[in-house]
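Dropping the structures in below, format is C-alpha cells.
Look for chain A in each of the two complexes below; its partner is chain B in the first and chain C in the second.
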Partner chain A sequence: MNTDNFTFLCRSRSLFGKNALEHLPFELSGMGARKVFVLRDNASESSDSIRHLRPAFADSGMTLGLCPPPDQNSGTGTDILKDCYRTFTGKGYDSIIALGTGPITDLAKALNLAVSLGPEVFKRGIQPQDQAKSLLPFAYLPTRGGSGRESSCRACCNAQIFELPALAPDIVLTDERLMAADTKENIICSAFSALSVCCETFVFADNPMAKAYASAGISLLMEHLFPLLETENEWNARPAAVGNKYRRNLACIAHASAISGFLLANSTSIISFHLGNFIAENADTSGLTAGSAAAIFLPRVLEQFAGNTPALAQLLLPLGGQDAFSAVPPVQQAAAAIHILQNILNRFYQISFGAVPRSLGDAGIDKSAVARLQEKIQQEDIWTETGISGAGRDKIAAVLLRS
Partner chain B sequence: MEGFIEIRPRRRFFLRLYLHIMLRVLGRAIQAAARVDEDVKKEFNAMPENYTFSLGAFPAGPCMIIGKDTQGIVRYMGSDMEKQPVHLKITLKSVRHFFSLLTFTESTPVSNARNRMIVSGDVPYACAAVRIMDIVQVYLLPRWMAKMAIKRYPRWTFKRHTVDRAKVLIRTLLGF
Partner chain C sequence: MYIPDYYEFGCPVNIVAGHDSLEKTADILAVPGSSQPMLLTDKGVRQAGLADIVLDAVKDRLDIKCVEDGVPPDSDLKVVRQLAQLYNQKGCDSIIAVGGGSVLDTAKGINMLVSEKTDDLMQFTGAGALKRKLRPLIAVPTTAGTGSEVTIAAVIADHEKNRKMIFGSHFLLPDAALIDSRMTLTLPAHIRAATAMDAMAHAVEACVMLSKNPLSDAHAKEAIRRIMKHLLPLIAEPENKEGRLSLALAAALAGIAFSNSLVGMVHALGHSVGSVCHVPHGNCMAILLSYGLEYNFHKTEERIADILFSLAGPEIYAKTPKSQPAQKSIDCIRKLNRDLFQATKGLHATCLKDLKDREQHPMVPKEKLPEIAQTALGDGMVFYNPEDVDYEDWLMVLEAAWEGVPLDRTKVRKG
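Take a look at the complex of A and B:
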C-alpha cells in the first residue's frame, strides 16, 4: 500500500438509518437553505415518499416546492429544465433535493449548474474558473438502488457531460422509509455496478481512504444483496411487497451504490464498469444491463490486471468475511476471492432461471460478436479516459475472450 | 409549471404542547433534585457560578433553561432564550427527535449515538447535564419507563427510591 502520496475527495455528507430524514432540515439550514426545490421521479410517487418528507420538514421553518414527476408528456429534457429554471428563479428557491435515482439526479445537477453558474454554462461548457465556484446546496435522496453516478461529480444533460467537483451532492441521505419496490433486474444492475467499482478500487487503488470506502461498500453488498433477492420464491413474480426488511436491505444497496459514486468521482480507471457500460450500449442484446456486464468482466479483469497480488488476496476479507479470510491460506486467498465473485454470478444465474447471465455467451453474445466488439473497443476513446495503454488494451482483449 | 406545489410544512401544535409540558415538569424536577439529591448537587457544584444550560429543539422548538446563581442555587428559568443568556446549549436536530426523546422511545445515549444532538458549549458540562437529567428521570418515571429513557437503571438505596423520590415529586409539584 502506498500511503505516501494520495488524494481523496468526498464532498458529500452521508446520512443513513432510522429517522435520518428528520436530520435533513437541520443539515440544509446549516448550508443557508430556506426554500427547498424538490425534484422527484415516478418511483418516489410509488413509495409515497412525500408523505414522509413533509412531516420531516414540519417545524423547520423551511418551505418546500414540489415539482411533479416528469412523464412522457412533459416534453424534452431541455423543456423540463427550462421550466424548472423559471420556477426556481421566479419563486426564489435556494437549494435542491433530488428524490429518486438516475435521470432525476442529472436534472437536479443540471438545474444546480444553471441557477449557480447561469444558463449560458450549457453553451460555453465548464471553464477552468468554474472549478473554484460553489453551487447551491444539493441533497440526493435515493428511492431505489441507483447506478452510482448520482453521487459522483458528473452530470449528463442532453448528451452533454459536465464534470465538476461541486456537482457531487452535498448530502446523500438514505432512509429506508423512502425506498420503493424495484424490479429484480434493476436491483441486480445497481448492486453489480457498485460491486465492480468497489472491488476494482479495493484492488487497484493505492489510496487507503478509497480502500476503506470500497471495503464498506463491498461488505454492505455482500450482507444485503442475497437476503433481498432470495426471500422471494418466484423470480418472475412482480416486485416484492415493500416490507421493512425489504426496505432496509434495499437502503443498504442504495448506500453501497452511493459509495461507488464517491469512488467513481475519485478514479477514472474502473475497467469492468466502463467495459460493462460500453457493452450494454453497443452489444446487440436486450437482456444485458450495464451492471450485469460489469459483473461478468470483474473476475476476468482482476485476474488479468491484478494476478496473484496481495491486494487481490486482501479482497477476500470484505467479500468473504473474517472467518473465510482466516480459513484460507494466504497463497490461495486471491483465487478464493475470484471464486466468490464467480459464485455470485452462478448463484444469481441459478435463482433467476438464467435471466442474469454468468458469461457473455449466456447473454447471447457469441464469439463473432465479441470480435466485432473488440474492434469497436479499440477504436473508442474510452481508454484514453481510463488511462489504459497498449499493453492494457491487449489484456482487455483477453478479458473479452475469457468472459 | 403545471402541478407545482409550494408547501410550508405546518407546526405540530399537540406535539409542541406535549414537549412544553414535559420540559416544564423536567425543569422543575431538576430544580427540586438539586436541593434533595447529593449526586445532582455534586454535578451542579462542579459548574461555575451563574452558569446556565438549555435543552431544546432546532430551529425554534420548545426548550428549557436551567441556571445556577451566585449563591449556588439551581433554578428552572423558563424557556425564553432571548431574555436569558445560555452558556451551554443542548439541541436536538428536529422536534420529532425531541419528541422521541421525551416520549422515551429513544433513550438519551441512543439519541446521541444516532447523531440527533448537537452541543454548543463545554462538553464536560454537557455530560454533567445529561447525567443530571438521567437521575431526574429515574425520580420522575416508574421503573419500566425509566429503563427506556436511560442506559442502565441505577441501584439506589431504599431511602433514595422512596423518601428522596417523594421529596422530589412534592417539590416538583409545588415548584420550589
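Take a look at the complex of A and C:
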C-alpha cells in the first residue's frame, strides 16, 4: 500500500455506551466548562432525553441552561441564532451541548462560531487567522443516526458553509438512553450514508488511521443494522417506530454515523456520499433518500474506481469478518465484497416490500432522467470542491447509468 | 466484534506522515502563529544526524531559537526547569521535540511550565489540573516504538526525591506528530527490533486487556499486521523507506490503541525489570509479551485467538483448528522473537538470562528476580490485568521468562 504523505486529524473524543452521559460533566469541566448551554431538537423531546441529562449533571457543580427546541415556524434561522446568541452571551454560558441531529448541530456550530469569533464572522467568513483559534467546548449527543455531517468540521448556516477544524465537536457522546424512536427509512438513510463513507474511505484512503476508523464503522453497521430491521414488526406498519428494545442497535448506528463524520472531515471526495446527496436534491422523485442513493452508487463506484485492486479485496474483511475473509480465495475477495454490498440492498428491498430501492430504476428514475442527471453532473461545479476531475466525472456518469 | 458496555476513544493529534513530512513543520507552526521554536532532542539523536535533517527541512522558514540536546535518557525534573528557563530566555514560542519517550516527556514538562508561567510542575499532577491549551508542541518520533507522540501521559523523574511523577492530560498531547521515514533510517537493528516489539506489546495488550473496544481494536490490529509484515524485512534492508514509514505508523497506531484501552501485566512487569536492572523497555516487552498472554490465557483465550488473523494472516488463520488459535497467536510472537534473534545476530534476546550489557555482563542475574517481583507488586498497571497477580505469581512468570521456557499454565491460580 502506498502511504506516501497523508495527514489525519480527528479532534473529537468518542464516549460510547451505557451511562456514557454520567461521564460528560467530568469531560466538560476538564475543558474549563462551568455553565452549559443545551440546544435540542424535537426528536430529543420525544426520546425524553432531558430526563437523563439533568441527573447526570446533578452533583457536578455545573449549571445547565436548557433552550427549548427551536420552532422553525417562529422565524428564520438567523432569528433563532440571534436569540440563542443573546441568551448565551447575556447569561454568561461557556460551553454548548447539542442534543439531536442535523439542523440542531448546525445551529450549535453557528452559535459556537458567533460566541467564539464574534458575530461578524458570518459577514467576513472564515479567515486564515481563525484556523488556530479555539472555540468553546462543544459536545454532540446524537438522538438518532444523523447524516454524519454532525461530527464533521463543517457547519451549514443559512446556506452558507463554514469549515474549520475547531468546528468538529470536542466530544461525541452516544448513550443508548438518549436514542429516540425513529422510522426505518431514517435509520436506513443514516446507516447507508455511514456505510458509503466508511467503505469508500477504507478502499481509497492511503491512510491507516482513517482506515481504522472506517473499519470499526463498517463492523458496527454490519452487526447492528440487520437485527434492528429484520426482527422488528412488519415493514408496512409504516412509519414503523423502532423502540426501546433496539436502543443499543440504534446507538451503534449513531456511533457509526459519527465515525463517518470524522472521515468526512478528512476527505472531500467520498463519491457515493456526494452523489447520493446530489441525486436526493436533483432527481424528480420523492422518497429516494441521500443515504439510500449513496448505497445504490457505492458498489458501482467501487467497481468503477477501484476495479479488482487489493484495497477492494481488503474491504471483505470489515464487511464479512475474519472467518469469511479467510475462507474466500484472494482472487475472489473483491467480487465477494461487492456482492455483500449488493446483497444488503437486495435484502432490504425484500424486507421493505420494495420500499428500499436496489437501483435508480426501483426509485422511479428512468433512463431519460438519468441522462439529464448525467448532463448536470458534467456541468455543475459542485464537484470542484470534491476535487474530482473531468475524467472522474465521466466515470461518475458511467456509475449513474449502471446504477 | 466486542463492544464493552462503555468506552472512550480519541486522539486529537494531527498525524502528518510521509517521506518528507518534516518539510511541513513551518506550515503547521504557522497556523497558531509560531515561528520561533526550541528544538529539543538528546545527544544520541543529534549524533545520528537526525536533528540536522529537521533543521535542514525548516531552514529559511523558521527562526529556531535554540537547539538543546541535553535531555537525559530518563527525563528529570531539574532538567525540565532549566530548559523551561532557557525557552523563556531565548524567546521561544513553541517546541519541536525530536526523539523518543524521554525527549517528548521532557518537552511536555517544559510546555506545562512555559505555558502556565510557573516553575512548579507539582501543581499539574492531579487529574484536571490543566485547563487550557498549552503552547504549540510538535513531536517527531525517532524510534518507531513508544507511541509517545500520541499519548496523553508524561513521566518525569524527581531524582532528588527518588520518585517518578506522572502527568496525564489531553492538553499534554502534541499538536502534531510528524512521522517521517528519514527519522528511523539509522536505527541499529537490535534497537529497531526492540522498539517495534514495544509497539507490538501496546497493540496486543490493547486487544486483550479489559478496556478493549472497537476503535482501539481496529487501530491495534492494523499495527500488528504492519509489524508482522515489515519488521523482519527491515532488519535485513533498512533502506526500504516504505517499510520504515509503515513501521513508524504501526507504532503510532499502537500508541493510539493502548492510550485508549490501557495496558496490563506485561507493562507492569516490564517497568519493574527496567527499573531494577536498567533493561531497555522494548527488550522487556519483547521477552515478556508472550508470558503475559499465557498467564491470562484462561480469562482471555477468545481475545488472544482473535489476533491470530492479524499476526499470521488469513491463510494460517484459516488452517488453524478451532481449538488452537490462541496458542498459535502466542507461538507467532515467540517465533518472531526467535527470528529477530537470528536477524540481529543474537543481539535481540529472547529470554531474560540472555540480556547482556555493553560489557557482555548479564543484565538480569537470577538472584534479582525476587526484587523485580516485589517492585512489580506496586505497579499501577497491574490493576488493569484480567487475572490477579501476587508476589508468587510474578516470580513464577519471571523464572519462566528468565529461562525462556513456556509458562506452565496449569500452575496459574485461576481467580
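The rule we apply is simple: the second predicted complex is superposed on the first by the 391 of 403 C-alpha atoms of A that agree within 3 Å, B and C clash if a C-alpha of one lies under 4 Å from a C-alpha of the other, contacts with A are read in each partner's own complex, and residues count from 1 in each chain.
Just so we're on the same page, contacts are C-beta pairs under 8 Å (C-beta built on N, C-alpha and C of every residue); 3 or more make two chains touch, one makes a residue touch a chain.
Everything numeric here is computed off the predicted structure, so don't read it as measured data.
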{"item": "Chain B versus chain C as contact partner of A:109, first or second or both or neither", "value": "neither"}
{"item": "First, second, both or neither for A:57, with chain B first and chain C second", "value": "first"}
{"item": "Touching partner for A:83 - first (chain B), second (chain C), both, neither", "value": "first"}
{"item": "Which superposed partner A:29 touches (first chain B, second chain C, both, neither)", "value": "both"}
{"item": "More chain A residues in contact [chain B versus chain C]", "value": "C"}
{"item": "First (chain B), second (chain C), both or neither touched by A:358", "value": "neither"}
{"item": "Partner chain in contact with A:322 - chain B first, chain C second, else both or neither", "value": "second"}
{"item": "First (chain B), second (chain C), both or neither touched by A:17", "value": "both"}
{"item": "Common ground on chain A, meaning residues reached by chain C in one complex and by chain B in the other", "value": "17-19, 23, 26, 29"}
{"item": "Complex contacts: residues of chain C adjacent to chain A", "value": "1, 3-21, 31-33, 127-128, 131-133, 169-170, 213-215, 217-219, 222, 226, 242, 245-246, 249, 252-253, 256, 306, 309, 314-315, 317-318"}
{"item": "Chain B partner contacts - residues on chain A that touch it in the complex", "value": "17-19, 22-23, 25-26, 29, 54-68, 83-84, 86-87, 91"}
{"item": "Touching residues on chain A, where the partner in the complex is chain C", "value": "1-20, 23, 26, 29-32, 129, 131-132, 134, 208-209, 211-213, 215-216, 219-220, 223, 252, 259, 322, 325-327"}
{"item": "Residues of chain B defined as touching chain A within the complex", "value": "1-12, 16, 57-61, 93-97, 100, 114-116"}
